[in-house]
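Chain naming follows the written order as A, B, C and D, and within any one chain the residues start at number 1.
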Amino acid sequence: MTLVAEPQLEKAEAASLRTERIVELVQRQGALAVLGIVLVVGLVAYDNFRSFDNAATILVSAAPAALIALGMTFVIITGGIDLSVGSLYVLGGVLAAWASQYGVAAAFAVPLAVCGVFGLVQGLVIAYARLAPFIVTLAGLLGARGLMLALSNEGGTTYLVDPGAFKDFGKGELLGVKYSVYLVVVLFVIGMITLYRTRFGQSVYALGGSEDAARLMGVRIRGTQIKVYVLSGLLAGLAGAINAARLGSGVTVLGTGMELDAIAAVVVGGTLLTGGAGTLGGTIAGVLLLQVIQNLINQDGKITSAWQTVISGAFIALVVVAQTYLARLRRVASG
Amino acid sequence: MTTAVSSSSSFNSATVRRLLPLYGVYVALAALVLFNIVYTDNFLAWNNLRIQLVQVTPVVIVALGMALVIGTEGIDLSVGSVMALGAALIPLYLGYGMVPAIVLALVGGVVVGLINGGLVAFVGLQPIVATLAMLVAGRGVALVVSNGKYKDIRDKDFLAIGTDAFLGVPYTVWIAAVLAVVVGFVVRRTVFGRRLLAIGDNRAAAQLAGVPVKRVLVGVYMIAAVLAAVAGVIQVSRIGSADASRIGLLIELSAITAVVVGGTPLTGGKVRVLGTVAGAFLMQLLTATMIANNLKDSTAQMVQAVIILVAVYTARERRTR
Amino acid sequence: MSAPDAPLLEVAGVSKQFPGVRALDDVSFTLRAGEVHALVGENGAGKSTLIKVLTGVYQPDGGDLRHLGQPATFNGPLDAQAAGISTIYQEVNLVPLMSVARNLFLGREPRNRLGLVDVARMNREAAEILAGYGITSDVRRPLGLMALGAQQMVALARAVMVDARVVVMDEPTSSLEPREVETLFGVIARLHERGVGIIYVSHRLDELYRICDRVTVLRDGKLVHTGLIKDLDRLQLVSHMLGRPMSEVRKEGFTSFGGEHAAADSKPVLRVADLNSRHKLTGVSFEVLPGEVVGLGGLLGAGRSETIKAVAGALPLDRGTVEIDGTVVRRPNPVAALKAGIAVQPEDRKAEGLALGLSIRENIALAVLPRLSTAGIVSERKIDKIVETFMTRLRVKASGPHQRVGDLSGGNQQKVLLARLLATGPKVLLLDEPTRGIDVGAKAEVQALIDELAAEGLGVVLVSSDAEELIEGSDRVVVLRDGAVAGMLRGEEVTTEHLMNVIATAAS
Amino acid sequence: EDDPAAKTTADSSAAVQTTKSAAAGGSTCTLTKFGGQKVDLKTATIGFSQSEKEANPFRIAETQSIKDEAAKLGIPAANLKVTNADSKFDKQITDVSTLIDQGVQLLVIAPLNSDGWDSVFQKAAAKKIPIVTIDRKINAKHCTDFLTFIGSDFYEQGKRAADKMAKALNNTGTVAILLGAPGNNVTTLRTNGFKEQIAKVAPNIKIEFEQTGQFSREEGQKVSEQLLQSKPNINGIYAENDEMALGAITALKGASKKAGDVKIVTIDGTKGAVQGIVDGWIYSVIESNPRFGPLAFGTATKFFNGEEIAENIIISDREYDSANAAADLGLAY
């Protein structure tokens, strides 16, 4: 026995199914489509946009944001949200720079451990005290920033990355592209496998799709919740670490508004904030899209900082509105 | 958000459990006041209380609107930018007098509210996304309007709003108090308020029950934005300058915290106005306590994090579990 | 392990308290291997709660649970599943956004050598399994796009898929059409042969007599009877459930509907003409006279709910008009429809009907707020009056008007919803499955009420999957198929036989 | 509407930066030592990376000064690429990287932070692009990573503020500090300079209160209001920028203090603050001159002409007090 559904469908239904599939594709890959359009505009309008260097710059700059958005995607698919990532990102950077004196392993391990524990605590509170993720991670945002300030003498001390393997990691390139970009690619592939092809991934979707149903179907709700917040914390810490390696120091003035940027990227990538649906491919497209827009604004060089903000905001709205309309079209097409 | 599951309720502490969410924020507030009476110099001086009242005003006003939005199961991240926009509009028409300038600032709020509400109600965007876009773009517009620069305000009448008092209580505090009463009345006693809660509890059901859902939603976002604009105007009158790049920065987080700490659940269907005001006071007093005792910024932020968690934990709804 | 003849599941003296309600009070229950055990009782009797206690969703406040003769505690549905207890809960509990196959296999996905989910195999196997239940739609599509009945079949397939020793079904047939019910009974028969113990909850008595061996009756959280079902006749069973002497209980098998009502010469109160909505409705037209009950018949997915929604202005239309008392409703939307005098009771009362977090009072008043207010300010006095009137009239059982609707039993929730409709003083009532999931007592009351309302001159449109209810209750039946009118039964033709005929010929 | 360009040009001759010590401290750098190419500024592409939104007087004046000077030198507007990091450090790093990709031949950077520029240096060094940092220093290797730093000595500013405070209070009293944004080296240096100098010259002055006002007027006012409640007997306020000082004045007015009751010393030299001296509210303002255009382009020209360039070009900042405020109000920005 195989799939028997389609042959039985009448012609008209088959046709409507086909349009539905197309609309679905466009909608799922909406960010990618817009990214394509924006890239074409950039390529045509700005000479410098075409260079390999510029592409490399876009990728490297997008790396930390991509990692944060990766974790955020998991969290948002469960129907949660993580506002603490911006603070954890700074904290991770400071810790990595400080720990780099003990070698490259410590430089990665310390931020991962601390930010992971931060995520764990948030996950535990969300899962067991059943407080809204929004509020818990808002407190996490303050807590992590406070910890970062405490560690850095109220932000006054900037730890420099020790010359050594960790710093080399930040400087190193392969085929003209920084190592961090490869790391991000690898992690996204692992992320995709985890999300689409493991039981944990299934439980992430189930939890976001319907918490009650998931519980009754035997999904370990708390375990899943805790895991996604740990994951998000770890990735934010790692993003901080690779950024510290790149910058050569544990900069303390980073990260404000980073959480909103990450959320925007994830949402632009087509993930529903209500949970239950979303893709990592969309998230990558979302991250790159926001980065490319910035890049184009810089290429132009004449847009004042005030207008830059207007454009960014309008763009987010535009993409999301377009997506909503496509989703509606799809629902109509599928009846 | 969810119903049911696990554990049973016991009876001995049942009353406490029932009352704590309702009055937890007031208990916390009282505890903090006691702490301050003992440890903070001059805490009970009228001047000090006046300062606390004046400083909390913008958060209270913004939080009132936020509470309404949260009551519809929404959220409004754009309030800070709306404050900035309101502030940026003030100097433009102050030359024609105080009233036109204020009216214009409020109209700015109305416009943003219409856009927010439109995106949520008609386009069907999730509130957090719609208002996130507006958070970014709104401040940009404020900066464009103000030409990127802040302006000092010299209009005596206008500055009087921020500095003068009636019966010893500053005008701004009166404004906040009146707004709180009005919002409380709207929630409890008006058709609009009932409808808002029904939408927050079950939007589909409200729709089928003939509630003009879209109109109510647009109304709610408009009120939130206008209140934010009012807060912006008050802030300008208090500081004496309109700085679009600074005013209202991160106030959305303070406002949401105040609302949630005050016992309004993020899941909608319920609005607690007095709790919201108390929540705002709690957070204000917390900051004041830490500044007055010259705590380091790092410590202050960590303490604040813990207190938010504890407060929200006590205020959380405990039904059915 | 345990003694071979030990009961599969056994509870002794369990109690469960919710804020303000004692949902279970010292209940004992035994499930033996190879039996189909009916669990019956009025709405709110505690059936679902007992099931949730048995399957680890709730921890009981007191009492013992034994599994295969051994004391057991289940710390969650997963524990129960591991012990071979599968459950189909009352509300379809699947994840609408996930694909059908992923829903079917959630938590037990087939994995390849790398430990990764083998998606191809999962889809293949899912398609095979579901074909056995008569479901042939694409298993890769989101479950939510399926009809409710099909979703219920997926839940059933999921529950039976594993080697379950116990299968619990909480009202599995409430959203199934007759053909699907037969499939379900086939599955139950197979399980029965395999020696699986089945707990079966339903309000449909004839089903119980067809498939069940033993019956346990709950009332107000207490055990009132347990024994072989063949030892009880329907009258006795109903009298146990209601806790009233048999003489008071109506003769079984009949609905509480009376005779015909419509005055043939009056002008139609509702006229629906040529409703079209892409993929959903094509050219639906019918009329309802004042005092007439018009039934909408058809199979699941025939477009009955869609028609109701379209008339109520809740479904975007490409074409078509709705006329009340000769006046066309312009710009069809729920507000305009309500103003014109159309009141709708949606199919899913939890998702679309009631604001469960609000009080009875607020729910009843919701639709008529403008009438109960001056200048936008509500009059508490007027609300109290109207709420009291309707709570009394519909005999809503609650601790008071301020009780949260979510805490009421299904039947009482339905009554609150009806109260809200009636409070608007409608000319036309659209009722989509008004008695779904409510107990015999409440059902009779609702049916009597529909009669009464029609007698008062309202036009009623009635949708019901219960053929008996539809036939007994309607003066005319409009039969739908694929979103179009396939036939019409009137007068003498309004019989189950004719209905089946029209559906069958239309479907062929 | 006031036109900042017109105003700046009007007093630019008087307000222009002057260097304090052309060769003070550090090594020197030449084009050969640096290894770059000679570039004619008039036809070159030049990148300017601004750190914060041009919303406060300092940033407005700074960006305007760079643009004005470029125009004065006849550099086509299209050749001057300006980016704004909107106070986001990550964005500034990306901005500068993009500028390098666009082929700029000279980088003028107003850095948001002193550390964290490794990746930029790596990239700029590969293309031998000289970097001139203005207003804040970057911690890096001179003549390899960057060409020169032009700006004020923040530590010195703190010390000068301390001297003024000591004088204002006659060496005794209690003082509060309104700190700048935490984690900012301007804050750190202005704080350390002030504290150390106070300890040295006026040990009887007690610093009883330090809270951040985030360099903003609003926060400055809020914190000052709290301060005046918990420490009503404060004698002096040291504000690490003018904005916070102006906020403090509003707070003092609100607490019914009179001008001069509390001595305020502040840093920056904005019009508002200097006016504050005239009005009697502020005791003294230490200037931090933002008009970097002429000096930045002048230095670059010299560099490309083969002249020696010092590591630090420290500008001599003015100071304003009751003696000169009224007369020099026009010099403030």
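Definition applied: contacts are C-beta pairs under 8 Å (C-beta built on N, C-alpha and C of every residue); 3 or more make two chains touch, one makes a residue touch a chain.
Only a predicted model underlies this, so the values are computations on that prediction, with no experimental measurement involved.
Engineer: Name, by label, each chain that touches both members of the pair chain B and chain C.
Structural biologist: A
Engineer: Have a look at A-B versus A-D and report the one with more C-beta pairs in contact.
Structural biologist: Spelling it out, more C-beta pairs touch across A-B than across the other pair.
Engineer: Quick check: how many Å separate the C-alpha centres of chain A and chain D?
Structural biologist: Centres of chain A and chain D (C-alpha means) sit 36 Å apart.
Engineer: Suppose each chain is reduced to the average of its Cα coordinates; what separation in Å results between chain C and chain D?
Structural biologist: Roughly 72 Å, centre to centre.
Engineer: Could you work out how far the Cα centre of chain A sits from that of chain B, in whole Å?
Structural biologist: Computed value for the inter-centroid distance: 29 Å.
Engineer: With chain centres taken as the means of their Cα atoms, state the distance from chain A to chain C in Å.
Structural biologist: From the centre of chain A to the centre of chain C is 42 Å.
Engineer: Among the residues of chain A, which are close enough to touch at least two other chains?
Structural biologist: 149, 154, 212, 215, 304-306, 308-309, in rising order.
Engineer: If I count partner chains per residue in chain B, which residues reach a count of at least 2?
Structural biologist: Touching at least two other chains: 3-5, 143, 148, 297.
Engineer: Can you tell me which residues of chain D touch two or more of the remaining chains?
Structural biologist: Each of 53-54, 182 in chain D touches at least two other chains.
Engineer: I'd like to see which chains touch which, written out pair by pair.
Structural biologist: A-B, A-C, A-D, B-C, B-D
Engineer: Going by the contact rule at the top, pick out the chain A residues touching chain D in the complex.
Structural biologist: Per the stated touch rule, the residues are 48, 51, 53-54, 57, 60-61, 64, 149, 152, 154-156, 158, 160-161, 167, 170-171, 243, 246-249, 251-254, 256-258, 291, 294-295, 298-299, 301-302, 304-306, 308-309.
Engineer: List the residues on chain B that touch chain D in their complex, please.
Structural biologist: Residues of chain B touching chain D: 40-42, 45, 47-48, 51, 54-55, 143, 147-150, 152, 163, 235, 238-241, 243-247, 288, 291-294, 297.
Engineer: Which chain B residues qualify as touching chain C in the complex?
Structural biologist: Those in contact with chain C are residues 3-9, 189-192, 194-195, 197-198, 201-202, 204-212, 269-270, 319-320.
Engineer: If you look only at chain D, which of its residues touch chain A in the complex?
Structural biologist: Residues 50, 53-54, 77, 81-84, 86-91, 93-95, 97-103, 112-119, 122, 139, 181-185, 187-188 of chain D touch chain A in their complex.
Engineer: Report the residues of chain C in contact with chain B in the complex, numbered from low to high.
Structural biologist: 16-19, 52, 57-61, 76, 312, 314, 334-335, 337-339, 344, 346, 351-358, 362, 365-367, 369-370, 373, 376-378, 406, 420, 424
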